[in-house]
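Some structures are shown below for you to check.
Both complexes shown next keep chain A, but they swap its partner, so chain B is in the first and chain C is in the second.
Presenting the complex of A and B:
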């Protein structure tokens, strides 16, 4: 009897999971089809372009490495966004925090005199701390004054961006370099490569570890519980004695810190100096990743790798054919709409529910 | 010939609950037809399908033999079908006649003809004994007046089939009788009335036929004259349940809760709670009776720490709780079963396990890591003890029926070993089996020396359970009754309606 019940339970859970996977796959396939159609109509030699787009990432070791490298910032920002969305907060400051992390990661790694292992660690933790501190402002504005975090964090990104650019121009500039950039990061400050041939850095491992850690944090700790309850039903969270305001503030600070850490790790792993002159959009990409991963940190690396694959392919396609890599934005948009649309394929779920209801004898 | 027929209606909600499974229902012209069933039996759902509020997944609706397709309340009204919802759907800021003619305003020369609307409201009200001042603001109306306005609203729209969703749930006995007289008047004029209820007594008093529902299916339709209350009840529940509460006299001991001169202001400067003082004692069920909205909710919010803006004193176990964190108030021995299950009492999206564990997380945490293994054992034990019907504790709470959700909340709050249990409408929307279980649990806890504060607008619940009653009327206590056994329903009703005052 108990075994029968257990089997039924598992079947029910599996069916739900299966449905979600199916839905995501269908969205991906449809999005790719739309992209291929567009290539078909715009390219002079669509067959070749499509082949490069889909095949190229697997054809050389360097291109394959690009899949992973492209996914690293997406994992960091994706995880940060996941945590914040689970607390019900749509905070865009991940963008600014990632930028802060990259800049200060480079500055600290190039400026501090510390031994080899310690230096990159310090150069990642300090920017994380800084990003968290800055992130406290929009977070506190939300919890104390109820200022919508979406709007205030969006504005914050621009403030932070221009402040960083000012600092870069006037304080962190390497006068001996040909363009606007910080000084070179010495080898002692770099994160080591996992593979030198395709330049995949160990920041990938940090990203993976962080995703697992975030999953554990959300589902198995007291603080994660408070975040989930606050995000799903703040009134209930308050009723059972959770300090909802504190959770709202702290989660956004945590998200900003993770994005800051990610920026620094990405910088130390894959660059020799900081030379960005625009916001890199990784924070906004983090939202796309989080939504497709259904706010589950464990799924974030998978989605990010897939995105990495698309970007690596699109980059090759832009190089060797007449199609620009803007195609991936179309794919992203279609995927996002389909995955975000609750009704997409819901008839399948309904059918499965009916079946389950009948089997359950209800 | 049936005027209206619902044939094999099926409805499955997105969370997998089969609310209706091939339900049949027929209505004759000029009859009052009851749909009776426990909460969760699907009686509201089938009526919502008829009124276009829910989309059916199968079945047909026939009016005089013609197939109808009803996708929205607007469609339903075109076919002269109207529904009076359980809770007010009126716009508080507008007057009675404005609400009644909302969307179908009468005009003269392109301008609103307020006079004509007022006149028609008054005339219709007089004809069916549903008189409400057409110029009164809806915010100022009593619950029963709101109901009258809702009925008038349907009549003005030419409705001939009127559905009433549990119309007596919030009424005092006197008001119920009045409503029934009005409905009989409508019936004489050829209106057909469907009334959703779970009260057996009402069927005998009012109805011609009854359709009995259980677990999403209809158990058949009967002439009320031909069936006994016992037969209806056993078809409804599928067996017999011992509904009597065996309760020994209370032996109250120490004060646990002490409330003195409590006042809570509303935004408009009036007082929702206007100088209330009382104590709750160990081993006693103290009951807040009264029509809803007379200050009970605000009082409970102050006691449970959810409302911080109040005047007066609230002391729990000898300590003033003003400014205390909810966590600390709970640690002092407060448990609450709140009025609103899904908004306050539980997190529908979270698992049953997380809901059952909500106030035990801190005790089951080491180094910040929740010891889910222990919590799971605990949850299984609770599910067994409280007979919660769930497939597993990892199911989301949403997948449960109302009664089982309430059991989850009761199980959680009781498990905390409290000194004071506040139970705010603990059996509303809960099936008979669970209601009975909750009642027995409250008595058991009382006998174990806990202080129980029961808030209820259900008169039979009040009379069955209370050891002492405070009747709330307009933010004040209109009566305190210690000798509950010699209190009649009538008398309690008079206190509830403010017709009489004690002290």
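Presenting the complex of A and C:
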């Protein structure tokens, strides 16, 4: 009897997963269609633009490498957001944390005198620590004072951005360089390239490792269990003895630290100086990645690689046609709305549920 | 410094800096009354600013610019309503998505229409004029403040009064508040929840649109990507501190604007790097949120308002 129930549940789980895959694919197709329509209306030669957009990433080794490179920041921020959403927290500080990580990764790698292997590790861990420390503020404001973490984390992003810009312009500037940037990261501070020809850095491996680690942490540790329970039902979590407030604080700090680590790893892997003058939007991207990955860290790299493919294509399209690469934001937005939409294709789900009910003989 | 704060210039200019935040605050106020945390105010303002700049440049009419900005704001609200009510996407998620959409679409439209990237400063928008009432505007200190303001300031004041009347004195307002307080209960007494929310969101869109128009047609003479710079979110914060009260929402929005003006004005006076001064409006918002949450009396009241939220979410 129990075995039969288990088998039924497994079948139902599979059906559910199949339904979610179908929904995601439909969302991707629709989002791409919207993008193609926009290209069709705005471009002088839409056919060529669309062909470059979809084909270019596979046409050269460098472009193919770009798929992976573009996915790296998305994996980091996606994993960070996954953890926080699982705890029920809509915190967008990953944006600022990633920025902090990039700046301080570059500064520490260029400023500290340490041996080759140790330097990049220190230059990744210290920014992660710093980002976590700053992330403690909006986290504590939420858990202790019940201040909406969404609004406060956004405010922190702006504050952090301007403070970082101040530090860059007044303290970390390389006076000998032609434009505003930090000093060059020495070879000892860089993360090595996995493939020199297309400049795919080993930060990709760190990102993948982190995604697996986050999955294990969420699903197979007590802390992870506490996070999931807090997100699903805070009252119940409190009832079974989980310190909900502590979990809320810890998870957001952890998310900020992961984003900080990601920023540093991305910087050390793919850049020689820090020279950003605007927030790179990776935090919001991470949010979108997390939702499409159904808040499952293991699926994050998959979604991020797909987005990386779109970005690599869009970058080429912007170079060789008259369409800007901001089209990807439109694609991301449509995907987020559709995947997040409970009613999107829900008739399919209803049908499959009815079918399951019939098969179950009930 | 004290002289500076109580000067006529400060009074006039702080309002000028606060106007976009005030419009955002009014937009947040009405959507919150209907039980929705509308994060998309930021993106709506950006799209509306773009529409205002482009239409006023091409038509050479500021009225058409404002009208198209308002229509754009309402369109964004319509899209948000479709996401939330039709697709049943979470309102915060939809807001994030639409903000992303707005930032992408703005660049694409800018590039498609004008062939430029970043801003429209090469084709400046037509500015909304200042309404000067001769004689009265010569009164010291409050003269310029009350009788020599931009048209949109008078529009804002009359619409704010109208909004208050609608929310507090009409059937529609009662319905909006009922829906925001408890959507299921409202439905059970025959209020059309979806339609009421749609109306509230459309009103919200009008205010976002006006905020956008103000940015690209008064505050600056062009649209630039990222020009909203969190003002929509600060407006939401102002509403949160106003806790459902229109006057306090307006007050906090003005306060944030004043800080913004102070940060800009102090750059030439104080010997503090402009980057650090630029953090002030955001820092002030965070500090205000903390102070507000520490006040025990206010907190109790707002918790009472928060309680029915999970119920209203389903509606």
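For this structure, a couple of remarks:
Keep in mind that, in the parts below, the second predicted complex is superposed on the first by the 352 of 362 C-alpha atoms of A that agree within 3 Å, B and C clash if a C-alpha of one lies under 4 Å from a C-alpha of the other, contacts with A are read in each partner's own complex, and residues count from 1 in each chain.
As a working rule, a residue touches a chain if its C-beta (ideal position, glycine included) is under 8 Å from a C-beta of that chain, and two chains touch if they have at least 3 such contacts.
Quantities reported herein were computed from a predicted structural model and do not represent experimental measurements.
Under the clash rule set out above, the superposition-derived model of chain A with chain B and chain C shows the two partners fitting side by side. By the touch criterion stated above, A:47 is placed in contact with neither chain B nor chain C. By the touch criterion defined above, A:243 reaches chain B but does not reach chain C.
Touch criterion met: A:151 reaches chain C, while chain B stays clear of it. Partner contacting the larger number of chain A residues, of chain B and chain C: C. In the superposition on chain A, A:209 contacts neither chain B nor chain C.
Using the contact criterion defined above for the overlaid structures, shared-chain residue A:187 touches neither chain B nor chain C, since it reaches no partner.
By the document's definition of touching, of the two partners only chain B reaches A:220; chain C does not. With both structures placed on the common chain, the touch criterion links A:228 to chain B but leaves chain C unconnected. Taking every C-alpha atom of chain B against every C-alpha atom of chain C, the smallest gap after superposition is 5 Å.
On the chain B side of its complex with chain A, the touching residues are 12, 14, 16-18, 215-216, 304, 306, 325-327, 330, 336, 338, 343-350, 354, 358-359, 361-362, 365, 368-370, 372, 391-392, 394. Interface residues of chain A facing chain C in the complex, by the touch rule stated above, are 38, 41-42, 90, 141, 145-148, 150-152, 154-156, 158-159, 162-163, 165-166, 169-170, 278, 281, 284, 287-288, 291, 322-324, 326-330, 332-334, 336-338, 340-344. By the touch criterion stated above, chain C contacts chain A in their complex at residues 37, 39, 83, 86-90, 92-94, 96-101, 103-105, 107-109, 111-112, 117, 226, 229-230, 233-234, 236-237, 240, 273, 275-276, 278-279, 282-283, 285-286, 289-290, 293-294.
Across the interface of their complex, chain B is touched by residues 5, 8-9, 12-13, 220-223, 225, 228-229, 232-233, 235-243, 346, 349-350, 353-354, 356-357, 360, 362 of chain A.
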